[in-house]
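This report refers to the structure that appears directly beneath it.
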Amino acid sequence: MTPKLMKLPLKGIIPPMITPLLENKELDSKGLKLLIEHLIEGGVHGIFLLGTNGEGPSLDYRLRRQLIKEACKIVNHRILVLVGITDTSFNATVEMANYAKEMGADALVVAPPYYFPVTQHETIDYLKALIPTLPLPFLLYNIPSCTKVNLSVETVKKGKEMGAIGIKDSSGDMSLLYALIDEFKDTPDFSIIAGAELFLSDTILNGGHGAVAGGANCFPKLFVDLYEASLSRDLNKIAFLRDQLLKIHKTIYNVGDSPTKSIQAIKCVLSLKGICQDYMALPLSPLNTTHRNEIKGYLEEFEYSKKQRTGLKL
Amino acid sequence: MTPKLMKLPLKGIIPPMITPLLENKELDSKGLKLLIEHLIEGGVHGIFLLGTNGEGPSLDYRLRRQLIKEACKIVNHRILVLVGITDTSFNATVEMANYAKEMGADALVVAPPYYFPVTQHETIDYLKALIPTLPLPFLLYNIPSCTKVNLSVETVKKGKEMGAIGIKDSSGDMSLLYALIDEFKDTPDFSIIAGAELFLSDTILNGGHGAVAGGANCFPKLFVDLYEASLSRDLNKIAFLRDQLLKIHKTIYNVGDSPTKSIQAIKCVLSLKGICQDYMALPLSPLNTTHRNEIKGYLEEFEYSKKQRTGLKL
Amino acid sequence: MTPKLMKLPLKGIIPPMITPLLENKELDSKGLKLLIEHLIEGGVHGIFLLGTNGEGPSLDYRLRRQLIKEACKIVNHRILVLVGITDTSFNATVEMANYAKEMGADALVVAPPYYFPVTQHETIDYLKALIPTLPLPFLLYNIPSCTKVNLSVETVKKGKEMGAIGIKDSSGDMSLLYALIDEFKDTPDFSIIAGAELFLSDTILNGGHGAVAGGANCFPKLFVDLYEASLSRDLNKIAFLRDQLLKIHKTIYNVGDSPTKSIQAIKCVLSLKGICQDYMALPLSPLNTTHRNEIKGYLEEFEYSKKQRTGLKL
Amino acid sequence: MTPKLMKLPLKGIIPPMITPLLENKELDSKGLKLLIEHLIEGGVHGIFLLGTNGEGPSLDYRLRRQLIKEACKIVNHRILVLVGITDTSFNATVEMANYAKEMGADALVVAPPYYFPVTQHETIDYLKALIPTLPLPFLLYNIPSCTKVNLSVETVKKGKEMGAIGIKDSSGDMSLLYALIDEFKDTPDFSIIAGAELFLSDTILNGGHGAVAGGANCFPKLFVDLYEASLSRDLNKIAFLRDQLLKIHKTIYNVGDSPTKSIQAIKCVLSLKGICQDYMALPLSPLNTTHRNEIKGYLEEFEYSKKQRTGLKL
């Protein structure tokens, strides 16, 4: 049974929620509550737990379960809860799926296991074995920078035939995203969700359905506004809001030299906003003080310039 | 305390042992016993559990623990037991290390966590946090095809300073392997272990210490003989044995189109030899019947030509 | 002196013109004439000679010169003529630039030399030496799949400071394209030209200036219409025309297995249309008969479905 | 007719000779004479003109021809002269081949054209067209870092069938080099030449034939001695000489941050030795003063430690 909240195709802004941690790397339950309320207030349509921004694979199972349990309880069906279940162990994947269902999550997100380099064919075989065990609707998740396999249009079609309700594409390859939108344009129930947040308006204008935007952890209303402006095809408003987004990318996301600096930056901004702390699970680490101050400066400038603007409240 | 068996530098042929599985993906305890005896009989100097060939990351924790426990018991200190502990979760890594110690393993093998792409610097920070928690001597493990980070000579030096007893390099990059041998040539306790089995004789001739050779699962004596021929600098014997090895690579390892076809082939050969079955943990799968028959043909030809030879018993 | 035709920023649809060849690999002067008239009739704003689609680097200097001379004469200042001058030899690059000026070309297109892998810094040093010798306005050309260096925003800024009038980005990386548009949004004379034709409407809607679209060799009016629909922000018309384009990509451009199959397909379509033949300079080759027939079928279907449509003439 | 000097298989140390240039980027004929005499005195078996170290693709045709002419005249058949003819233009390639023959060169070296990314199949088709036009024996040249295509064993076999007398493999991939040696072990006339100089002794010990070693421009006797020690299987001497080589790699070749820093270093060492100047053809540039001084220090230390040694004269 598809949970009541969920209508297909899945749509809108679904932040890949970061996981608030304490200094001892336990779950920061207070931060979690503040973060979820911040996101709901910002108007997001769902949250995606235990994805890449959520540092899912870095957390032990106990913590992953605690997060699912507490987040589902806090959300209490006000918005959708999607749970990333991928693990290199098949059994652990299935167990997490069942736990998510039990705790009241709405859908699952499935990427290929991420240790071995695999072919499209092996990915399809994996999905063939996994999908019949899943107790909830699920999205496919394409993130080749972490999984080493770039799902082809053909593989996604196979996934759709086996029951997937959509694909979140974080390849960063707009040609693939457009090919996916085109492929499924006559399949209105299948969602094409952009993982690269700068592609949000292009995705919506050209027939896609939403974005799993890391930055929506910090600036949920900005993304929701951009989503709505895209839906209503208000090109001036889109231009204005994209400009804000590009500014964030050029400044806040561009501090330090880690390949995961945008995740560091998002946690840093949330800690500067007093929502949660910026502790991270190894192998990732919080930004150092210099970088934190740099982001602080960018954030103040960004917030200040926002206040100067009229007509549009982000 | 370094266990009694272990003398530094670690040396010799240490197969990255495949994990025998039943059709239901549980541990094949009978196969495990046969495989370990086959390896000990072949003269190997140790076994490495839960590496890439061992499909470590694909197995759930219960099965990983069962394997460690049963393997340590079967080996009963006749040869070294090394255990791969790497996991994307830091806590799970530490727990597996402690369990390995408890079960009587001799050493650990540590690769960087394999979900996020990380820098050398982040890898060093990860090791700084992990190493003080490790209850046993440990080797570093470089396998960029799976972990996405290629450990630099500088990073390995840092790992050595923090306590590593050696490095297993499976980058396939002979220049890196030679640079490592050169870097540590005045550090006689630090082992340089080749992960690419074709580089075994070069490694030994030029000052390295051994090989973690996947093929030694099937042909332990061939590798032990090649190791010893290399130690005694018997170039004719080396040439003869390398020739056998090259033949295996060109035939048996070259069936099918998966990036992990050599692992499939190794399990297939072991099943053809009646040692264990060739079930694999997803996302890997056994070779299909056509490919299996192809390998059967290659194996028969290989064994037959071996019988024809005199003077050298493999 | 900037030639009369050229107003900055450079705008519109500028096909990277293929080079019509005879069976003996000499220039097909008759085909050249037909092709240029076909393009001008289609409404393009300029042509770009000797780019990647033009197989520039594969042609000997004599043929490159002949092409420049004949094309400039045929065009006779009706539209802009841009000439790709990049060569691995610095002197040859300068000589071709001078020849293009002499023959009446309007602008040059400059990519980094393509043999050695180079850094951003080396690319900048190269431009520092080259630019003072150039007798005509010039665009930078980013095509990392051929040159192995992906021009950074910073490098393009340096190029602008040294006199570039724009950048043609064929990286296929929409994030870079958007970063470039954003970087130069307050520099109205600097053109951002998309090299990936599927990004044409996004480029224009978000502030860029045009496209060097290979497909415009075959379907110039389709691209000009899409450009104009984008300028006038007619989202319905854009959607309709992009759909045509996506269809071409899924069918005509998708035949065979060469990395350059879209160039083969473009020459094939032009030969099917009777404009010129599809001989190619080695190392590229025409499509074989099977593939040619496949494209023929796609083309007929495409043209037929075009006729069925009303209201929009492509 | 194979020139008299040349016996198959081609063997030994064949430096990819750097091209001595004056400040105005014209050929430094005096430096060329000194360099060739330095190499012949060092005992090399041939020289390879216009390769990657020779900056071949960066030189204009006039200069390439001048170099071939003057080098052939200076060498005067005392050692072999091989000429790299590859160009992105097919006609230019054939013309350079004919010119090399006319000037008395002994053999040609052929890499795939380096602008377009091509498949193995396209490479074979290119060779099928080119080879019948070649007036001299020729080696294949595998250098994927510059040409973007990594010749497979299968492609090299096809090249052999079409007449190639050997392959110079500069892929840096020892597994490929060993696969090539193995493939052609029963084809005694076909040469396997290592392009990565650190693999020289391994190549010879395992059945290969020589090395095109950039460092032999500076230290020809070191390489010739290592080649001979490898031929005579003198493992102690090999170890000693490899050690010198590793030292050069760790110091002299490791200055600056260009992907082509070893070529810069080689020209720098030659200028420090007073043989020729270190001007380079764009896009490459000489090392700056700081880096030059760094190399000067390494070189002095290297020469000094050489003097301290007894028993072995390099």
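Order of writing sets the chain letters: A, B, C and D. Residues in each chain are counted from 1.
Convention: a contact is a pair of C-beta atoms (placed from the backbone, for glycine too) under 8 Å apart; a residue touches a chain by one contact, two chains touch by 3 or more.
The chain lineup, named per UniProt: A, B, C, D = 4-hydroxy-tetrahydrodipicolinate synthase.
None of the values given here were measured: they were computed from a predicted structure.
*Asks:* Please give the intersection of the contact partners of subunit B with those of subunit D.
*Replies:* Intersection of subunit B and subunit D contact lists gives nothing.
*Asks:* Going only between touching chains, how few steps reach subunit D from subunit A?
*Replies:* So the least number of steps between the two chains is 2.
*Asks:* By mean C-alpha position, what chain is farthest away from subunit B?
*Replies:* C
*Asks:* Where the CA atoms of subunit B average out and where those of subunit C average out, how many Å apart are those spots?
*Replies:* 51
*Asks:* Using mean CA coordinates as chain centres, what's the gap between subunit C and subunit D in Å?
*Replies:* It comes to 37 Å between the two C-alpha centres.
*Asks:* Touching pairs of chains, all of them, please.
*Replies:* Pairs satisfying the touch definition: A-B, A-C, B-D, C-D.
*Asks:* For the complex, give me every residue of subunit B touching subunit A.
*Replies:* Residue positions touching the partner: 25, 52, 57-61, 88-92, 112-119, 122-123, 125-126, 129-130, 145-146, 148, 257-260, 281-285.
*Asks:* Residue numbers of subunit C touching subunit A in their complex, please.
*Replies:* 172-175, 178-179, 182, 196, 198-199, 202, 205-207, 233, 235, 239, 242-243, 246, 249-250
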